[in-house]
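Structure first, then comments.
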Amino acid sequence: MTKKNTSTNTTASMEDAAVKGKGSAAETLFGGKAKPMFTGKLSPVKMALVGLLMVVLLLLPIYLQGMGEVLLLASFVLIGLYILLALGLNIIIGYAGMLDFGRMAFYAVGAYAAMILAIPLANLMGDNLSQFAFPFVLIGSGIVAAFVGYLLSLPVMRLRGDYLAIVTLGFGEIVRITIQNNPFNITNGLLGLPRSGDVLPWPPFFEWLRENVVLVMGNEFYFTVTRNVYWYYMILLVLIIAIIVVRRQDNSRLGRSWAAMREDEVAATAMGVNVTKAKTWAFVLGAFWGGAAGACFGFFQGSVSPEPFTFLNSVIVLAIVVIGGMGSIPGVLLGGVIIMGFPELVRWFAMNHLGGGGGDIGGQVANMRNLLLGLFMVIMMAVRTEGIIPMKPKLHKLYGKGKFGGTDGAADKAAEAAPSSKGGAN
Amino acid sequence: MKSKLRFIVAAMLTLALCFALVACNGGDDTTSSAPADAPTDGKTTFAIGFGGPLTQGSVGFGQGALRATQLAVKQANESDQARDLNIEFRVVEADDQSDPTRAPVVANALVSERDLVGVVGHFNSAVTEPAGLVYNEAGVIQISYGSTRPDLTHMGRDNFFRTCATDALQGPTAAQSAWDLGFRSAALIDDSSTYGQGLVEAFTTKWIELGGEVLVEESTQQGQSDFGPVVTRIRAAGPDFVFFAGTGDATTGAGGLFARQLKDGGVEAPMVGGDGIQDQVFIDEAGATGAEGTIATKPGMPIEDMPEGAAFLQAYEAEFPGEAAGGFDAFAFDAANAIINAVFEVAADKGAAEVATPAGRRAIIEAVHNINFNGVTGPVSFDEFGDNNNAIITTFLVQDGEWIAHPEIHP
Amino acid sequence: MAKTETQGYLMQAIDATIQFGGLRAVDSVNMNITAGTIVALIGPNGAGKTTFFNLLTGIYTPTEGEILFEGRSVSGKKSHVIADWGISRTFQNIRLFKNMTALENVMVGRHVRTSSGPFAATFRTPSFKREEKQIQEDSERWLEFVGLIEHANDLASSLPYGAQRRLEIARALATEPKLICLDEPAAGMNESESADLDELILRIRDELGITVFLIEHDMKVVMNLAEYIYVLDFGKLIAEGVPAEIQSNPAVIAAYLGEGGAEALVEERRKKKAAERGEEYKPLDTHGAPAGTMAEAVQTSDTAAAAPATAVMDSDGVVMVAADENKGE
Amino acid sequence: MEFFLQLLVDGLTVGGLYALIALGFTMVYGILLMINFAHAEMFMTGGFIGYGMLNLFGNYTTIGIVSDALPFMSFLKSTQPFFTTTALGFIIMMILVFGTSAVLTGCLGMLIERFAYRPLRNSPRLCALISALGMSLFLQNFVLTFVGHRMVFPTPEFLANLDAINVFGYIFIAPIDMIIFCSALVLLFVLDRFVNKTKLGKAMRATAQDKDAAGLMGININSVIALTFFIGPALGAVAGTFFGMKYGIVTFNMGLFPGIKAFTAAVLGGIGNLRGAMLGGFLIGILEAMASGFVSISYRDVITFAVLILILIFRPGGLLGESVVEKV
């Protein structure tokens, strides 16, 4: 008796809710048919923007190299490398909500793995094919770094946020010092790799492109595929692949388990998320991109030595993610451009367009960069915790919207439609 | 949506490819015709690249060497040869900030200069190596004025030369000096820098050869400031002297701190080191008592003692009033002159238009291999690997809180 | 209810105990839950009810004894494994994933019944796409079931309180549990919301056939819904039985009313209610209080008039009153 | 044996410095549950202020410059010999130098807390951590840009003339080491009494236990936290000035390594536990001395970091602390 009563009540209230829901802001903004949203897909406007950006990014080096603004072009290569690093870190910090202050450890592991793998692989492939060693080396060093990430994830599973930060910091230093101390004569200490006498294989098509592509227009414009140009495109390519892959992983079951873990670990595990596994994957996939960035860096530079893998550089990568927006890929891109690009831009401007005294200004700006970076991090945390471009909630276009209204038979249909429970009394 | 993105990307790639294909019409012809002769009074302009730390890192050394290069270029432009051949040189500077990561960046920037004939640089060995790879691939001559790491000339790059002496010479000289002073047992400390490790290796080889004994071997890390336990070990071992291969500055190698703590910890044995500690910073940080009696070797010699030193100093002072010429400036000056002389030679042989071509650049490298002229540091010529045949090393000693050049100069 | 009898019970606690330092938060609790029933766990604040839920869902491990689910011991099992077995829960202080949408919250619940990994996600395999579509469709149905489909793309934190409670239930249901543990689902709800909730809980059992195990302070809800009640006090099980038995159980009344008597308890409850409503708490007149509350209670509960009112708990109709009609499913 | 004892002496001196820094970490963590990365920079700032003060009292050149700018300060010229050469003067100068350094750095610590951390008190802990890291970066580069990357500490003549203490004819204890060790012990003892015996100390402990409850009991949480952010940096500043006197220099980045080591010490002792931090500081100092004496100084930091990681994994509560169960 009571049951029946309340049953109709519920239906009524559900109808109420439905009526109310139709007027809600969320409905008109996201849920309505007028402007459908797809998980993992971009809206046409965004698509056009991305297309435009792509055109600019593809043509930019031709212009810069052609006009002789080479230093500026080279800065883009560095920016690209750091964005790649930050993308990996973003998986760990932004998606999974864990802290990693030792990003350089994976960068270093990747760079060294690339150096170690490349030479035997090139020899194996022979003179003609050795230029195609790079893609394999890239993936190989990513996997090596991912394995190191896996090893690191084993002991730190139980650690809370700030302890995790300090442990990863320590790990970063351990890796750097160990590389420096040349254990088992693998890393060649401070001299770095490759050892004298060994030469890295050329990356794919570089030799051909360099010799055959020349673009001349008048007296001013002279374009050839230099190392900077080549690596600009190569890193852009890796970056695009990375963004697609990372987005796909984020918009999946794994991505949801990261988000749940980040939001509330206890609730996530009670809802059946294997937190250990999710954390391990975050570390592994984050480390993979760190390693891939390291391989690009090693090949771009032609050799690696332990100097660049300092704590300060780990902090810069962290700042890119935090200031850009944790968990937001556009944020990371913007963060990278701002933090790596701005000082370079000022330095370039000072050196090239301010005449003789320009050099000093450039140096001062570079020093000021870290100062401003620190201040920026403090202010950002106080004013806009989520970064310049915050992470957006993932909106879905509903499949079954309106299928079951608040009608009388709703309960029965719902029961039918609901996935049959394994348990329960029959 | 997705197919649209694919389409855009594909269109972009096709566009870029078309660009490239249009551009590649026969490669070499275009390249050779490309270096448009800059139409300044019909003169052929050549760029001499300069690479070194100009804003960060070892700024003092970099700026000084840049001035020396500019001086060499200025003198060359005023010379009769330049007038006869209708040639003009200019300096293109690149700031590597002593940062290996920036090395390929700036090297690429220099290589992109179409009229580049050679590079004077870089200063730090860790920068010279990755930058050198770029010059090597581009077939451009590189002459370093300050990179003393021994293996740089043994990397199979025949375009690489240096005017300064290597640690491979400095280390043995230091070992010989120590042996001559009657020392027989050593404690070897390096600061875990490329420089320090190279130096200590060269030293050890010679020291063992002489019959010397090694009691303690240690490497300190950057950023460390407490060496108490190492001092304790040294005191326990009681060597005749402590060889410190590293720099003096506390923010890098901390040689000064080490010397101070040796004295504080009751070690009476003197410290011997390379050019890394031969500066005022070391004495400041070690304190007058800590530094007293320290011996250091240094490539080159005080400029005023060099064969052409007086003339160089005079010209330098006239060109850059108020700036004192530093230790590596003379090497940079000679490096620039080596390139300039080679360019004159090639230009006279093949004509000025051919100098900045791949063949011309090749010819410059060949010419430098056979060059022989009287530089500020003495006769300049290179051995088969590219090291200066006339490597000079001077021994210094701290007396009353100042570095004094030791009388014997080892060739 | 002998412990040796495993057949027919979905969940069994056998001497389940957990000790924090010197405190036995849950002390030798024995419990049997038959599949398809609605069982309530009640007791005063701090009696160890939530701790027992934590034991059951693997957040804590019993120090002694064990808890069997379908004959398997949950001791030492991770929470996500237990969720996989078919125990799901909500939390006393709502623990939604605040910065995710309602739909995504429920989709997380599907995690345990799906399997695609990072490689499938990277290459967007057909099976991945199929599964992803299935996850979303299923999740939409669960939202539909609790009446929140209109809020699918709203942030969980932006939902009203009652909706958040229901979303938590939807999320728990999405794991397709056999046993759903609801920790004070009616807390902070007003009368009509609470009535809706009663209905929802009944539907969970009747339509989905899921066994419901709930902790609740709102005695009206408990008496309306529960077919069997366990009472905890200071970690110990002090009574069990059908609602009528519990209402008349002297140990229960003593536990609730305690040594301080009815007044103290009434005051406490009123204080809590007042705080929930954001009103200022007004102490009751000491003399008139018990009688007054009794009278109010009788007025608010229509079924109470006929049944013998054994105890009175506070002035808001939260009463342990006989309501025989509620049982007998 | 002598070798071992000498290493022990080395370790205890450095350990004293670590203990002083570790206290700042542990106090802040105890109350705000936050790793104050900027604390290492308090150590550095303290060192630089100490450098300035020592020059003001003991360096003729500096005094000359100061007197020219501020004529009323010219009395320093006449007091300089008294301060640098006599025992009494030396002690007075030390008190002035350390006092100023500690007070100024303490105030800086309070300022940082007020403007960088207080707005974040209710934000996720990640935010405070990143803010602290940013503050650390800022302070380091501020000093680098506007002060200098390195300052050479003057050694007062009185100290330079003291002979090293020689135990058993073998173990050398430099006078400054002796001063550091004794001062550290005294400061640690005073702080321990302060926290355990005084009313303010009780308020601090109460706040660390439960901020809200302490607030309800009438404790002004903000002042207690401010006090914590005064005491920690002040002790760090003392350590920084001692560092300068022992090693003869202060550098802009001198905080990083001692900072991490001190944090390790705090964790080793049980973070939040004052006596634990003191114990941890000395233990880490000794461990490092032994590691560099018996293994190699190049692996010293690796060993320390490895110890940190092992403690965090196997005994997150540290030696004297208790591990906390998260409430669900």
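Going in written order, the chains are labelled A, B, C and D, and every chain counts its residues from 1.
FYI, contacts are C-beta pairs under 8 Å (C-beta built on N, C-alpha and C of every residue); 3 or more make two chains touch, one makes a residue touch a chain.
These numbers come from a predicted model, not from an experiment.
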Per Cα centroids, the chain farthest from subunit C
B
Please give the pair of chains with the highest number of C-beta contact pairs.
A-C
Just give me the whole-number Å value for how far the CA centre of subunit A lies from that of subunit C.
42
In whole angstrom, how far does the Cα centroid of subunit C sit from the Cα centroid of subunit D?
52
Subunit A and subunit D have mean C-alpha positions lying a whole-number Å distance apart equal to 38
Residues of subunit A that touch at least two other chains are 177, 180-181, 266, 364, 367
Which positions in subunit D are in touch with at least two other chains?
256, 298, 301, 328
Shared-interface residues of subunit C (touching two or more other chains) are 59, 91
For the complex, give me every residue of subunit D touching subunit A.
33-35, 116, 119-120, 123-131, 133-142, 144-145, 256, 260, 263, 267, 298-299, 301-302, 305-306, 308-309, 312-313, 316, 326, 328
Sites on subunit A touched by subunit D in the complex
97, 99, 101, 155-156, 158-159, 161-163, 165-167, 169-171, 173-174, 177-178, 180-181, 266, 311, 315, 318-319, 322, 364, 367-368, 370-371, 373-378, 380-382, 385
Under the touch definition given earlier, write down the residues of subunit C that touch subunit A in their complex.
10, 35-36, 57-59, 78-80, 83-84, 86, 88-89, 91, 95-101, 103-104, 107-109, 111-114, 116-118, 120-122, 124, 128, 131-133, 135-138, 140-142, 144-145, 147-155, 158, 163, 171-179, 192, 195-196, 198-200, 202-203, 207-211, 224, 325-326
What part of subunit B is in contact with subunit A in the complex they form?
1-2, 4-5, 8-9, 12, 15-16, 19-20, 22-24, 27-28, 30-31, 34, 36, 54-56, 59, 94-95, 97, 99-101, 103-106, 108-109, 111-114, 126, 129-130, 133-134, 137, 149, 151, 154-156, 192-194, 197-198, 219, 221
List of subunit A residues in touch with subunit C within their complex
1-3, 6-7, 9-10, 13-14, 17-18, 20-22, 24, 26-27, 30-31, 37, 245, 248-249, 251-257, 259-260, 263-264, 266-276, 281, 285, 391, 393-396, 398-401, 403-404, 406, 411-412, 414-415, 417-419, 421-426
